[in-house]
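Both of the next two complexes hold chain A, though its partner changes from chain B to chain C.
== the complex of A and B ==
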């Protein structure tokens, strides 16, 4: 297990290094002078000179890359071109908003998805199962930002049940503001998780310890809810870890639609003002988050299921 | 569309069997019909649209349906229905080249990874894993920030982010096939690597990839629409579904029909392609069902 853990984290670190290098080379590969592109119309000679010195653009490319990695290790993602604030500070100010949204979305969709999956597995190949399957596929297919827009239109603008914009203050108000955004992000996950749980549940139900439990006369509800679910739920853990990238992606759209602060809003605003260091910083932080959560999911999976350790 | 999904190496009768198999499944049939309608309306869009989708007509602006305009008009008096129909064409124009480009490149790299030396395999896998480690939309935003929004940028982003998926599947298939007897026999007879991969491996891999293509099209349509919604995809006045949503969102209280007009086609298209893909998967390779 220790060996697996070390290997997995080494791979994650390697992936991050390659990812940063790709991003770095991409910026340099853009035709034209990077400083002018970054500063856009605001490029004055003084600003240019400052940025060239800050980003060490007068050095060779490998040297620049090394300096950049050195900065990353110290948690330095560069400086906001306009305000002069640290990019790291700015990004980590916005991150909690995005994480809150993602976790609320995944929590409600996991609960509903698992329930739906169990229900379908308890009645396999009946019309209930078929309806659940169709609903699952339909939910999976719904893109988060379209759901966000349509729910904004219906529930916030037309019916006015929920607030249309912002994050709110205090616990209840915050939760109230989270309902529609997390509905938009979570909807496709309900279908996905339901299908996953149904499939793995049906597999588990055929195993001998379940047959034993049945032979002891335990109620079906108890068997499914306690004995089978404990094992059938494992793939969900992995999928959520691996799905962090999708969650972050849909959070970007949802934040824009509901005018919520967060990483997505930060990136979009920075693109409009051509504030490159912030765009790159936010992209790197979200990539790092994704890589770490994938690795953690693999570790949890290996911890719970020893067979997974051999695939390292 | 059907031409693209089908394995070119398979005979016509097999194509008929696959289509018949999909049509037997109720969801597959719905998917087939939806996709058929979308493809039809995209191909013949120029004849279907009642108005010029980019012609402004300020006196008729922001008219709600139903008037002379079936789905109303936007803030510039452009006909929503015409823009929805043309939007379908734009969506397919982005999705198809991007997906088939990604499949071609991913297939080639994946076969090379699976058949070639170990170090090359490791290198390609690391590259694939790295590209997959960028959250798609974040990666798209970074690229757009660097090179500016355009249809080509969207196609590039989709290709770059989908190549690893196709590459990985192609690699796995190649690995399982490389030691099978017919490949060993070919090798013993002195067939070149190019011949082995293109004549003998390819027909055995492409069926699985075709299913992935059908499943990926909705993701790509949604991504294009999403970027256009953010104003970072296709440029105005091109009538993309995302652009419709963007206009509708800006004036959501005045012209809600734009949000519906842009949103529903995306939902219906994703549903159609997903149903078709699922059903196609069951017909082409029932074993895959378990792995999903």
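== the complex of A and C ==
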């Protein structure tokens, strides 16, 4: 298991290096002179020259990349072009808001999706199954930004049950502010996870060992809830791990609609101002989040599935 | 008079399919007495597995019971409540399934699975584990305590089959159903399992319904044999009578084709010519007529399973020679 963990994290580090390199090159391929855009009308030749030197833009691209990785190893992601504050400080200020949003969304949608999927699989091809399928598919079909806008209009503006913008303070207020954004991000995941669990569950329920469990008179609840679900859940864990990437991108929309601070809003704001160090910092952290979550998903799978442990 | 444990009486089972009803079992009748070992023999697809799943109603959703009764200690299981059936499963009646590689849950430890199936016992977890370890020891798994925490994939096929047998015997059932328990194993293991089953049957005194297509194993283990062909019982009786004086041409051919029976070197192993009839589209008359070398006019009519002298039953007009129908 230790060897498996080490191997998996070495792979994660490698993915991160590749991702950062690609991002670094992409951002430099964006047309327009970054220095002029950043400084705007205030640009004087001296200011321009200073900024170019500060950002090492006069160096060759490979040199710039090397410098960036050098800083990265020291935990230095550079400074904000405008405020001069450390990028790490700014990014880690925003990170918790996004993390809260993503984890609340994935938690409620996974619980509901798994329950709905099991329920449908326990009654295959009945009206219960069909209702669950209809609900799931309509959830999948609803894009996060549409749900965000509609729920904002209905529950915050019309009914005024939930706050429309901001993140709130203290546990309950924060939770209250999370409800609508989390609903917007998680809704399609409920449907997606439910469909996945149903399919995976039906496959497992047809395996011989389930018949064995039945032949020993185990209750249907125990068979579905433990004997089948422990196997059927494995692909779901992987999908959620990979899904963290999609969640991050839907978090961008949602943070803008609900005017929530967070990584998504930070990235959008800094791209429009060509604030390279912040864009890179935010992207690095989100990529890191994605890489870590897929690695964690693999580790959880290895914990749940003894066969994966020995084969790795 | 011997006490009847399981009575299968005129059982007919269909599978509903897109091609129409598949008549998987037709008018099956036989008994299993207390502490008796009964073998069911027949080639693949003759309905052996359908029969055992029908007994405990572990059936596919498209299964339809058309007629008959399955009585266990006098009570019909086909009309019993779901609750009642579940109470019997793994308690009074246990099953060892065919494929040992697929029969255990792959992500739950053997110990946990063996503890879980003792769900009716009031014992605490440590006691249940101790019982499980004792049973593993009884089927010859070395170092049973330590192996309880292992997972199915850490055991060999033979060991998994012995674990399946240990699990089935743990509740000391009155009836053990073994569905080709040795088919997936090699010959040495087969002998071991058969010996083990014999010992355990002596120790626990349970009746065994042993399904196999291996005649040698049946002859070695069983008291009585039921021969099935294409979803029907063609002959039943004691092992001695069936093997020495088969009364149905199919049984006779089956014994002739058994490799263990062939004394001389043969280039080609004997087979029964022809194919098993399509169960969705049954031919009229005797089910074996098309492959039988002794068929005559009367075989256009379905022969009933008739009790002959010395307790043997056969479904063949040859035994009714001169009598009118």
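Everything that follows uses one rule, which is that the second predicted complex is superposed on the first by the 264 of 312 C-alpha atoms of A that agree within 3 Å, B and C clash if a C-alpha of one lies under 4 Å from a C-alpha of the other, contacts with A are read in each partner's own complex, and residues count from 1 in each chain.
Throughout what follows, a residue touches a chain if its C-beta (ideal position, glycine included) is under 8 Å from a C-beta of that chain, and two chains touch if they have at least 3 such contacts.
Treat the numbers as computed from the prediction; the structure is a model and nothing was measured.
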| Which partner does A:222 contact after superposing on A: first (chain B), second (chain C), both, neither? | second
| Per-residue contact with chain A, leading partner among chain C and chain B | B
| After superposition on the shared chain, which partner residues are touched by A:267: those of chain B (first), chain C (second), both, or neither? | first
| query | Taking the superposition as given, does A:212 touch the first partner, chain B, the second, chain C, both, or neither? | reply | second
| What is the contact status of A:231 with respect to chain B (first) and chain C (second): first, second, both, or neither? | second
| Taking the superposition as given, does A:87 touch the first partner, chain B, the second, chain C, both, or neither? | neither
| field | First, second, both or neither for A:297, with chain B first and chain C second | value | neither
| message | Once chain A of both complexes is superposed, is A:137 in touch with chain B (first), chain C (second), both, or neither? | response | first
| said: Give the list of chain B residues in touch with chain A in this complex. | reply: 27, 126-127, 129-139, 141-147, 218, 222, 225-226, 229-230, 232, 245, 248-249, 252-253, 256, 259-260, 262-263, 266-267, 270-271, 273-275, 278, 290, 292
| said: Quick check on the complex: what are the chain A residues that touch chain C? | reply: 207-209, 211-219, 222, 226-227, 230-231, 304-307, 310
| message | Applying the document's contact rule, which stretches of chain A touch chain B when the two form their complex? | response | 11, 14-16, 18-19, 22-23, 26-27, 30, 37, 134, 137-138, 140-143, 145-146, 149-150, 152-153, 157-158, 195, 199, 244-246, 248-250, 252-253, 256-257, 264, 267-268, 270-271, 274, 276, 279-280, 282-283, 286-287, 290-291, 294
| said: Could you list, by residue number, the parts of chain C that touch chain A in their complex? | reply: 56, 58, 86-91, 94-95, 97, 99, 102-109, 116-117, 119-120, 151, 153-154, 164, 167
